[in-house]
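One chain, subunit A, links the two complexes that follow: it is found with subunit B in the first and with subunit C in the second.
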Partner chain A sequence: MTKDTKNPPIDRVDGRMKVTGGAKYFAEFTMPSMTYCVIVSSDIAKGSIASIDTKKAENAPGVVGVFTHQNMPAIPGWDAPAQGNGNGPPPGPPSGGEKYRILHTKEILFDGQPIAMVVADTFERATYAASLVKATYTKQTARTDLTKHLADGVTPKGERAADYVRGTADGYKTAPVTLEANYTIPIEVHNPMEMHGILAHWEGDDKLMIYAKTQGVKATQRAMAQAFKINPDNIRVHTEFMGGGFGMALRTWPQETAVVAISRKIGRPVKLVMTRSQMFTLVGHRPRTVQTINMGADTNGKLVGIAHAATGETASYEDFTEGTVNMTKFMYDCPNVSTRYKIVPLDRGVPIWMRGPGEATGAFALESAMDEMAHKLNLDPIEFRLRNYTETDPEHNRPYSDKNLKEAYQRGADAIGWNKRSNQPSSNRDGEWLIGYGMSSGTFNASRGQATARAILNADGSLTVQCGVTDIGPGSGTAMAMIAHNVLGVPVDKIKVEYGDTSLPNAPMQGGSTITSTVGSAVYDVCTTVKNTLADMATKSGSPLANSKANDLTLADGMLYLEADRSKKVAVADLMRSNNLPAIDKTQQSKGGSEGEKYSMYSFSVHFVQVRVHPVTGVVRVSKAVSVADSGRIVSPNTAASQMIGGVAGGIGMALTEEAVIDHRFGRYINNNLADYHVATSADVPHTETIVIDKPDPYINPMGAKGMGEIALIGFAAAVSNAVFNATGQRIRDLPITPDKVMQKLV
Partner chain B sequence: MTDKQHPDESADNSGASRRDFLKQSSIMAAFAMTPPAAVTAVEKGLHETIATRFEQMSLRVTINGTAQQLNIEPRVTLLDLLREQLNLTGTKKGCDHGQCGACTVHVDGTRVNACLTLAMTTEGCKVTTIEGLADGDRLHPMQEAFIKHDGFQCGYCTPGQIMSAVACIREGHADNPDEIREYMSGNICRCGAYSNIVDAIMDVKQGGQKV
Partner chain C sequence: MNPFQFTRVTTPKAAISAVTKESGTYFLAGGTNLIDLMKREVIVPERLVDINKLPLATIEKTSTGLRIGAMAKNSTVAEHELVKKNFPLLSQALNAGASAQLRNMATVGGNMMQRTRCSYFYDNSMPCNKRSPVQAGPDKGQPNGPNGCGAIGGYNRMHAIFGTSEKCIAVHPSDMCIALVALDATVNVSGPKGDRKIPFADFHRLPGDAPQKDNTLQPGELIMSIDLPMNDFAKNSHYLKVRDRASYAFALVSVGVGVDMKGKTIQNVRLAMGGVAHKPWRLTEAEQFLTGKPATEDNFKQAAMLAMKGAKGYGENDFKLTLAPNSIVEALKIATTTA
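Take a look at the complex of A and B:
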């Protein structure tokens, strides 16, 4: 079974659809008399609308409606108290408590807030009409600069965000070698390639069809059911293909709900495709975060104490929190650890988890500090980490379910050529270029949630596997096929995987690196039930394998064998025919047990990079990258490796180029497009070597598989920063590491 | 602190007046031909339809080997024509500003950003989109290579990457990985599949298949 043997690489199950243009994303569905919606965004970041003139837009050709706070149709679930909150919020993230309601009042709470939504019969006409909407504002000074308002930081509610102390909070102070350093990360924007939006159509008074860009069709269904007070069963949400999310579609955004309300009002399907600049303001971002690490170690390289404080931004109208300081609590064997996490409400759109999320932010600080301390101690950074290695989770005082980080360090070091690195910075040159090596580690919680899957084994030997999960790109569908193949022996090309639609069995949102574990387990369980059904039929009296035990049977290539004597066998098709079964159709709910209480379950990663730094221009190039993942049994090697190289590309962007810049005089972005906000391009990313430890976690789920998506990014930026230090002897603690910052240090 | 912002109310009537002019002129033209019908049309709000007709221009373009005779508004981009009117949705909108390459198609064999190309400028041209790359059920070698090397994740930039990759080889810009990286940098992949995309292109280039 999967746990015992490594899985072979298989092609992505939806590969052909994606390379032929056959894959249909939400905006690519059409409906009769469909209309197009265009958002008019606020020109100010704080204040109120003094006047809004929509007449010209209303009179423009093809316009069906112009909606503002003056005539926006009611969203019933928002207008009544919900969840004990008088503001009647749509279900948001756990931080909850949304007070902002789209097109509801004249108040402007953040830059880019919609002030009108214009609907017309063509995209061009809607776009033109939107340009005719004119507003005047009463402007107030917007607070948008986190660094100016750090003193306003508050500790968010909830146990997870509470201050943490192990041992003595400032125990680091007693150590002979100490370090204090501030690390900042800028606002980053998810910027998936596909623009956000929605296509909604009321097929009846209480029957709704939605093509969405969502990381969870079921969650969108629930959100709309609550917003419009209709039975969730009357809402169908379809997202078979989604052009990337990285966290930005982990909630239903207000403009989606508004489109549904408008569609109901005008009685026609409405399609919204936002602009790239609106992707910066209306669908969240990674919050700007300022961190301080205090660290103390003894002269043998043993950690004495770490204090990690982080302050991130949130919106004035909603709390957003993430696990920025989590990793510090459990990563190293250290007697005195304290963490403090605060958020500062600003006049900005609310952030949302972005790949890795807070853990990636925190890992930049912790793993940079580890490198700085190693340098102070004149230790190799890997050696310093090994001296503080822990086999048990010091935060929860329990063993890790599985941890192979030592092997990961070794294999990564071998692959990058770590032995070429000198512990003495600025000692390696290639012509004009300074060469440096850096490494870091990453970790992210691994878990198994609850999901339901359906398996239909047909008499012709084909198999259909269904689950209402969304595959936003990591290859969840391919993993489902591999797991089903491993249990039932059906060739992968005879397995049809169906997902991304609310008509399918229940699944959680795709986020937090949990889907292979959660949905994969459901597929495993339901396929096992199918197999047991076959075995029961095969072993009953009169059957070819009568008197055999079900556990002794193996399924392969459409045959059920007695494992000990493969001459004893029966064709699955014959078995089903003789039992008058056209198909075996099973649906099963699946969830984990108490294993998460006995063991701390984490995925781990190690990143190694070689950088070239040009001392005159300050240019930093990542010239080699090796990422190692310790994330249990790898279910689908190809797609897992793709997630890892994707993490490297994202990490290079985070380390070197990505920064959404605000002109704080106006509280507005000045680089809200893909020409000025620099994501990594092909020329920025070297050939990337990926290594997987590929050992099954004994406890987490039947496959032994843990998550990959987050750890692929977490820590990577620190590896680059550490390599820049190794190349130049200069430490840049303020991401991104742009040429101006490097030059300033090197002059 | 508060202050008031007033947009220049006198300045921005250009759009409306252009519209009004077109409407009036179309109505006048209609008057000249059949005055009573035109009056009826205006009364029934049908001037909208008339204006629409006058604003459309004819376009002859061959798309994926099929000659098309179309009537479109001159402001329609090639990208929106493909996606919204011809249901060729394989060509993607990633930015609408020529910054991401998701909309890459071939016009007379040259790779272009369809979002920066007004459809009217393709009069008499041959346009190839991702839907026109395969030979029936037989995939183009570049499509095969992208599957083999897993040169994608979410798949949204993929059609643009593949169209760009084919052109990259045809242009003679795929002799080594560094050259490919440079000449493929107009196509952003946010999932970060670059390493595999370069492998796929090198594979096709070295395989020597006709692209």
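Take a look at the complex of A and C:
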């Protein structure tokens, strides 16, 4: 196979296991003499513990231990300086001040902070005992409202977070047509189906077994090695299956490390499975972010300037940053661009990247503003984007490795029926319902990191491919199988893919849409090595293919052929037998070269929606959705389409329903459950048409494949809000677009 | 969750005497609300009396209409032929509630008795006047959580605009009950002092000074069944539920309408609203106004205006002052145009 051929759709390799219960998630593992840990969470958001009574809990049946700041075992490696990525010792705020360490002092820095961890012999007993822990507090006023504290924003450290100017910072002001608009997104919570937690077991003084919910088993291994100052090779972390992550498992959370420390202390395995309400406070969230866009264009629809400012929240005890304003720097051809990104430390748990992370937040603002400007110019929003299209990256002054956004606009427009849209808002009706169409684009960095893969080709023609990556659900395992099949011609049902365990070769975290590129390339490279080994044997004298060149050989169906003359062939099994090889077993490290410096590499997406808005009740329904991905060669069409549909579901949630609400008088969430925090239901998600451009990126990696997990969501919310405007003539810049907001604008 | 005793009974008599005998005893029906409240320690029972084995799940024709047993599942009632044919409003309202899984567990009696979804009520660290003192466990008799009303001056987007008090502005969250109050249902209850009938409109109460009391049921009383009188609303009825997502969300505002039309004239009409009060909110004044009038948008609007008399917003729920009348008009329009 080459990257020039499209891949056939294959079934998800772990699909059957997932729907038959064969897939085992971390919380399903049990061990002899295992104990259960339940976290007692703080009732206040800021202050300190005045007293904590654990007597009743300690005396409750089955209780093995109750741990608070008064008796928490030390975590020896946490005194070391932070590593920066959340998978090491607690970093603390860069400005100095208090670090957060779980169960370390009586200070309360955020709502839901653990004040005790109760361990008992059953989950029910631990839960009951946890309810008996009673604390009193000295309360302080919690600063939790970003909107009130915008003035406290600081520019975080880091190159891409710095203020950016191209041309003149406020060049937009000179344009004949200008707009200024504010956009806000609320706190969103990942809320994967599977709860977070960990199961830890010390098999010896310095030997640790962990079943975790992590997007990177290797990262968890490193974090625990640091925390407990033991050799990483003595720690095994297993996460073969994960019930959704969306970013919340991109770091090793303090409670995981605490469970490992407690397990060591009590000398028994400890399992923690958090509650849904703790999923709101202890594993991060998408930060509330307030944005302003100033835009100027000339009357021909050419952009003159864009200024994009964003302020997001972080914790008082740690900085969290994301790429909220980055898209504005390179998406359009525009001479004057400035961006400014700030974060405000609040008395809140630290956020973490949530699917599409900051780019999804930023795209809501930029792509809404593009729509607003198109309307001002009386231009079709696609036409406006085309007039400002750029074939080179204006931020870095270099070509894109590959960009087919024009084709994506066209194909999406055809699929949604864009010609039915009128540029004049509220001109389309179906009975009482107003019909609107909206579109937007999205983009996310594409890259290739470093990974190692192992391939074992057996004489019976079966193949095992291994890599220590976590497949959090997108279908990484399926992609690995497809790539191995393409290189070695082994039928997919004879390929066993193994992943999600630190005993397997090294791989990075599953996150940032990089795994198909990074791990896929490693699989490609190691399989190529296996193929070359076969070719070497086959071209030796005595073989029917003697004297052929390795490059002229093709592998298919267990046979090695001379491509030019397929009658010349040798069975792989025979070849291995005659060379006395039971298996060919290769392990290989793989990484990209300098292509990332020569080219700007991005995946692109375009989203189209049709909405129906009921003007009397304000109800908005997405009635049709089309998502187009321009992300290089598609390795696994089925799982790619599923990714895109998932992005639409998440995007509809972001646009219409999701919002974690805080009562700022208490600094606490008031909708921390799945009845009141509204993720989109099936009834909210219409039939979604997914379109892939499926053209290989010539530079990024041997498959020509780029990531698509993030772009599936990035921009989607703007498409919905733009469609609501098209339907009603009213623009809602404050997500989510709930019936009350729409109805009030329309009365 | 605190340890509690568990008894299973097979006769209403045994159920009633079990609950009367000891305080802190609760009937357990589908458990979809009670168990959640126990997990959050909003309710801390001493004992649960499982009434799932009581023979109270039948749905049968009576001389005056239909009788629905208190233990009939929400999904069973919604899909029952006689209900769909004669009381489509009830069927629609039930299907608009919760999720399929919950409706398969939830019972008619439990649905009527479900507590408010006010967030402050559910969080023992927050002020709430509705939470009653803890009945069992080591904290027996202690109030669970601070009193006051968190929703007034706080997050009250989901809260009431009618019949509120300074003590409480919560809403009754049921969809089913909106249909039942509109359809003039009667509640048959049995208690330590015998049987009695309660008109549905008098079953739930306003918060007043005693927000801990949701309804007029006396201690130990068991809901046995609901009686629905026959009516002529089946052809022109509609349940409109405005909510934040297409399924599995409580009503921002809902409207139940049943109309008896003669040509274009409204002969008789029933109107009730959900998501606006501590009880299912019947709109009698609007009904009277519409009776005998032609079904025109203008008349609907006037009726909606009458219905809104006395409405009061608390900030975040001010939108209901517009959404409610809009929804009344909309529901009337749909009901009067359905064939």
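One rule holds in what follows: the second predicted complex is superposed on the first by the 727 of 747 C-alpha atoms of A that agree within 3 Å, B and C clash if a C-alpha of one lies under 4 Å from a C-alpha of the other, contacts with A are read in each partner's own complex, and residues count from 1 in each chain.
Heads up, the rule we're going with is that a residue touches a chain if its C-beta (ideal position, glycine included) is under 8 Å from a C-beta of that chain, and two chains touch if they have at least 3 such contacts.
As the structure is a prediction and not an experimental result, all values here were calculated from the model.
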item	value
A:T738 touches, of subunit B and subunit C: first, second, both or neither?	second
Which of subunit B and subunit C A:V611 touches, first, second, both or neither	neither
A:G473 touches, of subunit B and subunit C: first, second, both or neither?	first
First (subunit B), second (subunit C), both or neither touched by A:L208	neither
Partner chain(s) touched by A:M242 [first = subunit B, second = subunit C, both, neither]	first
Partner chain(s) touched by A:R665 [first = subunit B, second = subunit C, both, neither]	second
Contacts of A:A455 with subunit B and subunit C, given as first, second, both or neither	neither
Partner chain(s) touched by A:A680 [first = subunit B, second = subunit C, both, neither]	both
Subunit B versus subunit C, judged by how many residues of subunit A each one touches	B
Partner chain in contact with A:A374 - subunit B first, subunit C second, else both or neither	neither
Residues of subunit A contacting subunit B in one complex and subunit C in the other	43-44, 56, 124, 128, 131-132, 675, 680-683
Interface residues, subunit B side, partner subunit A - complex	1-7, 9, 12-13, 15-16, 19, 48, 51-52, 73, 75-76, 80, 83-84, 87-97, 99-100, 102, 129-131, 133-134, 139, 143, 146-148, 150, 152-159, 162, 177, 180-182, 184-198
Sites on subunit A touched by subunit B in the complex	11-12, 14-25, 27-28, 30, 43-44, 47, 50, 56, 59-62, 122-124, 128, 131-132, 134-141, 190-195, 241-246, 273, 275-276, 472-475, 638-639, 641-643, 645-650, 673-675, 679-683, 685-688
Residues on subunit A engaged by subunit C in the complex (per definition of touch)	43-44, 56, 124, 127-128, 131-132, 432, 616-619, 621, 656-657, 661, 663, 665-666, 668, 670-671, 675-676, 678, 680-684, 738-740, 743-744, 747
List of subunit C residues in touch with subunit A within their complex	1-3, 41, 117, 119-120, 123, 125-126, 138, 150, 153-155, 157, 240, 242-250, 252, 319, 322-323, 326-327, 329-330
